[in-house]
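Just below sit the structures, each encoded as structure tokens.
Below, chain A partners chain B and then partners chain C, in two separate complexes.
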Partner chain A sequence: MDPTQFETHPSKYKHWKLAVNGEIATLTMAVDADHPHRPGYELKLNSYDLSVDIELADAIQRLRFEHPEVRCVVFGADLDKVFCSGANIYMLGLSTHSFKVNFCKFTNETRIYLEDASGSSGLASLCACKGTTAGGGYELALACDETVLVDDGNSAVSFPETPLLAVLPGTGGLTRLVDKRKVRRDRADVFCTTAEGIKGKRAKDWGLVEDVVSRSKWDDAIAARAKALAAKQTVTRGPAVQLPELSPKITEKAFTYRYVELAIDRAARTAALTVKGPDGAPSDLTSADTWSLRAFRELDDALLRLRFDLPEIGIVTVRTTGDRAHVIAHDEALAKATTGFAREVRLLQRRVLKRYDNTARSFYAVADTADSCFAGSLLELALGADRFYMLIDGDEKVAVQTSVANQGFFTTSTGLSRLDARFYGAPADAAKILARGAEGPVPSEEAEQLGIATVAADDIDFEDELRIAVEERASLSPDALTGMEASLRFVGPETLETKIFGRLSAWQNWIFTRANSTGEHGALTLYGQPERPQFQWKRT
Partner chain B sequence: MGNVLTDEKIPNNVNLSGDKRLQRALEAWQPAFIDWWKQMGPLGWQERDIYLRTAVSVETDGWAHFDHVKMPDYRWGIFLEPKQEGRTHGFGDLYGQPVWDEVPGEFRNLMKRLIVTQGDTEPASVEQQRDLGATAPSLYDLRNLFQVNVEEGRHLWAMVYLLHTYFGRDGREEAEELLARRSGDADKPRILGAFNEPTSHWLSFFMFTMFTDRDGKYQLSALAESGFDPLARTCRFMLTEEAHHMFVGESGIQRVVKRSCELMKQDPNGDPRTLGGIDLPTVQKYANLWYSLSLDLFGGEVSSNAADAFAAGIKGRYKEDRYDEHKLVGSHFAMDVLEAGKVVHKDIPMRNALNEVLRTEYIKDCQRGVDRWNKTIKDEGVDFEIKLPSPKFHRQIGMWSTVQFTPDGQMIDAETFAKRRGEWLPTAEDETFIKSLMHPVYERGKFASWIAPPGKGINGLPGDFEYVRL
Partner chain C sequence: MDPTQFETHPSKYKHWKLAVNGEIATLTMAVDADHPHRPGYELKLNSYDLSVDIELADAIQRLRFEHPEVRCVVFGADLDKVFCSGANIYMLGLSTHSFKVNFCKFTNETRIYLEDASGSSGLASLCACKGTTAGGGYELALACDETVLVDDGNSAVSFPETPLLAVLPGTGGLTRLVDKRKVRRDRADVFCTTAEGIKGKRAKDWGLVEDVVSRSKWDDAIAARAKALAAKQTVTRGPAVQLPELSPKITEKAFTYRYVELAIDRAARTAALTVKGPDGAPSDLTSADTWSLRAFRELDDALLRLRFDLPEIGIVTVRTTGDRAHVIAHDEALAKATTGFAREVRLLQRRVLKRYDNTARSFYAVADTADSCFAGSLLELALGADRFYMLIDGDEKVAVQTSVANQGFFTTSTGLSRLDARFYGAPADAAKILARGAEGPVPSEEAEQLGIATVAADDIDFEDELRIAVEERASLSPDALTGMEASLRFVGPETLETKIFGRLSAWQNWIFTRANSTGEHGALTLYGQPERPQFQWKRT
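Moving on, here comes the complex of A and B:
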């Protein structure tokens, strides 16, 4: 199968139209039924698949970097009676379990990025649902700041997943309904089991939408609301920076970028991820080529390809090469800069690190060369890994170092920094590391004592120690490892995000494997088929 | 509540006077219905006495009671065909099991949707036709229009009865919504697109009752098979009334073509237009338009909703008992489908093809009507044949809506279609011409220039009877 392309550009969109008009942008969903991600189904009625969501993610990213003048994005549709009918059911029916899980994860991340754009970047969002808004369509609306539904006596918002398909609204829908929109949970229960949904005044009364508006007043009402949302935004943005193509070299053996490489060993079911540090001190902080942006965009693309195109690669070693001082200089320059662009770069780094946390592969960070540079923003890769192996070398060249980047900006889904998560319940230990790291490099042996390295070993033991750990890991059940890692990585309090990626996704992924949805007589299997589903009635 | 509904006021066979819940629901709804009728019903004729048929019971002598009545005083009633004891599901997964007398929770929403969608078309057509009284070609036709209108109103009552009796609070809200939506209204349009265009003149009215009401006949027939017994019984009684609507359409066009043929023979150039008639090619264009719009109402050619409704025992086939097999698992229907831009003939699982199966029955029925028009033309000695266009022609819904076909079923590109559209479908000039013929004729026994008198009148009365008292 061809490699999945996650890079795109508005000039290449097939499913969305992006228009920018001053401080308001409109993203019009105009799904081209004949261009699905893979052949075998048609994307009718603005239903979506990965190809649609890749464009959506690209559009949100570009609005943040390339259109700092935009303060509100309005989602609309090019169809008369339908806004969006959700994820394409036939696509789900045809997809492998692993694809479904990764598709849902990606779409969840995209919607969280939309919320992040509003929360952190002063880019508000308004969902203008001028027609049927079902399933994933309403989940997109829930990820926006405000939603307006047309009041035409017919159009409803709905979650038909449970009554029609025996699955869940898995793109954050259930969680956002009660946690974000604060819809009363008994009403949410009624809503989620009513396939046709809820329309008009009741949709507003129940808090499912901000407002319902008639067709004749629609355009004015949407424009006024978008303007009001835009007026509330106070975050400094810009300057505008265009995001160039990354154009990696993709072969059977490796994905190669300017700063990132993922080398693949299919026989061993492992991969080696290497991130190069910057070549020098930061020079131009207004360029898309600045290391902090370029390297993390590359890492993001590599992680997505790893998820979708390398399902059998279960364990990834993570190494860094370069000069720790340069990494720290870049981190500090960004933190000090007052431009919107600099903050935007840090926010992107934060999102990519979360993508890393949410990738269902075992990550072992490895510092075993003199030019290893786990410092500052790159140290986060070691702190986010499942384990961190460090070589104790004679002249203490192998070391880690902290920077401003480790002081709390790069939060995980739980809201904690990776250091605070590592020392959960012992904040003093995290503080001690920041204090020690500020003084200079922390060599391997000390890093182990301080609790940064999982294992520090000298050259007599190191190679074997690492080899055995990798081989052992590669022999364990991938399912159990996914569950175990996801439980241990997100130490700390629950948030909307952890609930979505944990509780909601885990239940959804369980349901996806059950006979009642995907078995021979399951509802998802039989959707559109002549037979009706037959359920196994035992509850757990 | 000052509005007391008695069995006298609302003729019924559902024990209205003994059903407190139904009474309470209807007492609130009935005044709203009358308001809607006065506001949206036939414009300008509410205070006239019209010779109308009223159903006062389901007995042979009761369903066709004729008298002069003012429309707002019309006695809209609620009638179900008498219950057959021991009736069982005639199709679907529950074939052979006893039918439901109450709505099963599992299918409640699906059923409600079907009833609301069907119910919405009834007031919609009244709204679409409300201006036609101003240009009626005769008192006979004027009366027929109003008969159709009050019966569409009664069909609305029938659907509202089901919503009130079986769907609780949701049903009452939906019943209110049926009166709140308005045909062609930008804010609250009727549910189906075809019901949002006004019926702009009488030629379209006859085409509507010929083709679009015939869709109603087939939808009602399919619902008349339903395992939800009250729905089945309601629809069976509605079908007796629907027959009159199709009679109005079919005989109306028959009279139009008869007149055209007569005028062709009178005019030295054989052009009926010069003598105030409608030429047959223009009749053909309007048939093409209304037939294709009506085909859309059957829904997608391959449909999971149709499969679900059949499997669940809610919506069957036309005259289900003519078939030997009623579960349709594993059987197929051979039909044309669009694949990669090409027409291919293919076996589709029968349950998913049921919209197309029903449409096929409908097409046969339309052809029978068209054959009768052609016999009239032939009897007049004119060489012309009205043809039903290909079912793929000019479709707005379903798989053929994305491509273009000629009336004889040749696939063409959109540009060619746009260029030749005026040969096949009414143009703005055609509309202007037809409207120019639409002058009212309110004199007893007289008819407009473009339409022949009927063979006989209503209820055995002569054609010049005072069907509407001016």
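Moving on, here comes the complex of A and C:
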């Protein structure tokens, strides 16, 4: 199968139209039915699949970097009576379990990052639902700051997933309904089991939408709301920086970028991820080529390809190379810079690191060469890994080092920093490391004593210990590992985001495996066919 | 199949020995291999099944009510080299998916209620692991206040589930490891993938146990720790009240208790739960027959039978009958009483209501008769239900009423009261209802306006509307409903408890459906056989 392309550009969009007009941008959903991600189904009625969502993710990213003047993005549709009918059911019916799960994870991330753009970057969002807004369509609306529904006696917002398809609205919908929009839970229960949805005044009274507006007043009302949302934004942004193509070299054996490489060993079901540090001290902090942006964009792309195109790779070793001082200099230059662009870069790094935490593969960070470079923002890769192996070398060249990047900005989805999550309940230990790390490199043995390294071993033992650990990991059940890692990685407080990826997604994964949805007589399988689904009635 | 018996008594225990000696009780695990819950496997090496856990739940309950002098319970075993080897694998391999899930839920509740006994009732717990402590055995230890492991060069604590069985330690283990005991997550990762476990000094250094003690010093060390734990307890308890048998009448058509009835319609896959209020004002608040205790114990027993013995009953209507003033009088008498027994009764009510929230069936509360009695503690059943239907009657006899029981003591597992969860984000609405409810009965129409009733309808529409709603619910996929209700019911903050039932259990349910654990060549299926499991390697 061809590799999945996560890079795109507005000039290539097939399913969205991006228009920027001063401080307001519009993203018009105009899904081309004839260009699905894979052959076998048509994207009718503004239903979406991975290719549609890749464009959406690209558009949001570009608004952040390339259009800092925009303060509100308005989502609309080019159809007359439909805003969006949600994820394409036939696509879901044709997909493997692992594709469905990864598709939902990616669409969830896109929506969480839309909320992040509003919360952190002064880019508000308004969903202008001038027509039917079903399933994933309404989940997009829930991720926006405000939603307006047309009041035409017909258009409704709805979650038909449970009644029609025997699955959940799995892109955050259930969680956002009660936890974000605070819809009363008994009303949410009625809403989620009413296939035709809720329209008009009731949709507003129940808190499902901010407002309902007639067709005649639509354009003015949407323009006024967008303007009001834009006026509320106070975050300084810019300067504008265009995001160039990454153009990796993709082969059967490796994904190769400028700073990132993922080398693949299909027989062993392992991969080796290497991230290079910057070539020198930071020079131009308004360049898309600045290491902090380029390297993390590459890492993001590699992680997405790993998820979708390498399903059998269960464990990834993570190494870094370069000069620690350069990484730290880049981290500090970014943290000191007062431009919106610099903050945008840090926010992107934060999102990429979250994508890493949320990737269902085992990650073992490895520091075993003299030019190993787990410092600052790259140290986060070791702190986020399931384990960290460090070689004890005679001249203590193998070491870790902290920077401003480890001091709290790079929160995980729990809201804790990776250092605080690692030392959950022992904040003094985290503080000790920051204090020690600021003094200079911390060699392997000391790093183990301080709790940074899981294992530090000298060169008599190191290679064997690591090799056996990787082989053992690769031999374990991938399902059990996914559940185990999801429980151990997200220690501490739960947030809307972790509830979506933990509770909601875990239930959805279970439901996707059940005969009642995806079996021969399941509702998802039979959707659109005359045959009625047959359910197994045991409640579990 | 014979109905499951959740009632037992220490005189009937087959698997535990309860001994009380002043302020210390010992619960000795002495599992009788020849008395499994169902035929087909032997309970060797202190492995456990549902029958073992039913006795454990009973013992903890009786310590709370019948032995208020006890301030610390010490868990031990009667085997020389094994404390507990966890849930019986052959039992799991032979069980249906729904039994496995319900078994795990029950064992999770038992362990959470053990923590509740420590947190709320001054009954501390010490796990004295004088031998191998594997899987569910270590999960019992994690639920105790302290764990001591024997240091004999051999005995380890371990979670072999992932490496040996391709499932999770599903009885709260993963969550408690990092969230409660705050074991560093990379160490937790090593621990959970090391089948042989961790022993001796390392177990202590990693925070897996409080202490390791040699065999020669064992008895003295355990006695001293138990004494120290007992000395810390300051909660007033007692007087002792013996818990009599409930002796319900169980038929194919109904479970009938003194105050509770569950009438079963197998053809419609529905059941009707009715809870009667007290016969009069409270008289003897030291009697096990006091309504607040008796009725809620009966409800608890009925809920457990529903879960295990009626898997195909998907939706339950919940009605109450009686005199609202009597319920309120009982609630207030309990809240005012200063005895430990009165507090114990309220804590039991709280646990039973949590069991109700956590039961994977749709609950529709219904108030449609003049003697409907959703007041105070019984109103919690309506607030906890997925929906609440109220009949608008001409003379406003159908009404709800609040009491002290709705003011915050009956927290759900999120830590919110049911009223606060219902009005999440709108505390003023919850306060308004408490103020209004204190003035007297709130009739249906007003209850709907205030947000208590989901639907209030007059008698022209009521019966049809309710009938259709119940039929529709019964027609939906039971799996999707379970996932949906689990997302909508637990709005708001997450706690250790909700993390266990949401994140961890949802993942475990998923893993239990996967071929890698329960398929023909799955690890759980093949456990104990010479054949090696064969895994499907796709990571999801």
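Just so it is clear, the second predicted complex is superposed on the first by the 540 of 540 C-alpha atoms of A that agree within 3 Å, B and C clash if a C-alpha of one lies under 4 Å from a C-alpha of the other, contacts with A are read in each partner's own complex, and residues count from 1 in each chain.
In this section, a residue touches a chain if its C-beta (ideal position, glycine included) is under 8 Å from a C-beta of that chain, and two chains touch if they have at least 3 such contacts.
Keep in mind that what you see is a predicted model, and the values were worked out from it rather than measured.
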* To do: Once the structures are superposed on A, label A:489 by its partner contacts, choosing first (chain B), second (chain C), both or neither.
  => second
* Name the contact category of A:154: first (chain B only), second (chain C only), both, or neither. => first
* Determine, under the contact definition given at the top, whether A:394 touches first (chain B), second (chain C), both, or neither. => neither
* Once the structures are superposed on A, label A:177 by its partner contacts, choosing first (chain B), second (chain C), both or neither. => second
* Go through the superposed model and pick first if A:540 touches only chain B, second if only chain C, both, or neither. => second
* With the two structures laid over each other on chain A, which partner does A:530 touch: chain B (first), chain C (second), both, or neither? -> first
* To do: Count the residues of chain A touched by chain B and by chain C, then name the partner with the higher count.
  => C
* Is there a shared patch on chain A that both chain B and chain C touch, and which residues make it up? -> 163
* To do: Under the touch definition given earlier, write down the residues of chain B that touch chain A in their complex.
  => 93, 109-110, 112-113, 177, 180-181, 186-189, 191, 304, 307-308, 311-312, 328-329, 349-352
* Using the touch rule from the top, collect the residues of chain C that touch chain A in their complex. => 96-98, 101-102, 161-163, 165-168, 174-175, 177-179, 182, 184-190, 192-193, 269, 311-314, 360-361, 385-388, 421-426, 451, 454, 472-473, 476-494, 498-499, 502-504, 506-511, 513-514, 516-517, 523, 533, 535-540
* For chain A, which residues are in contact with chain B within the complex? -> 151-154, 163, 194-196, 214-217, 527-532
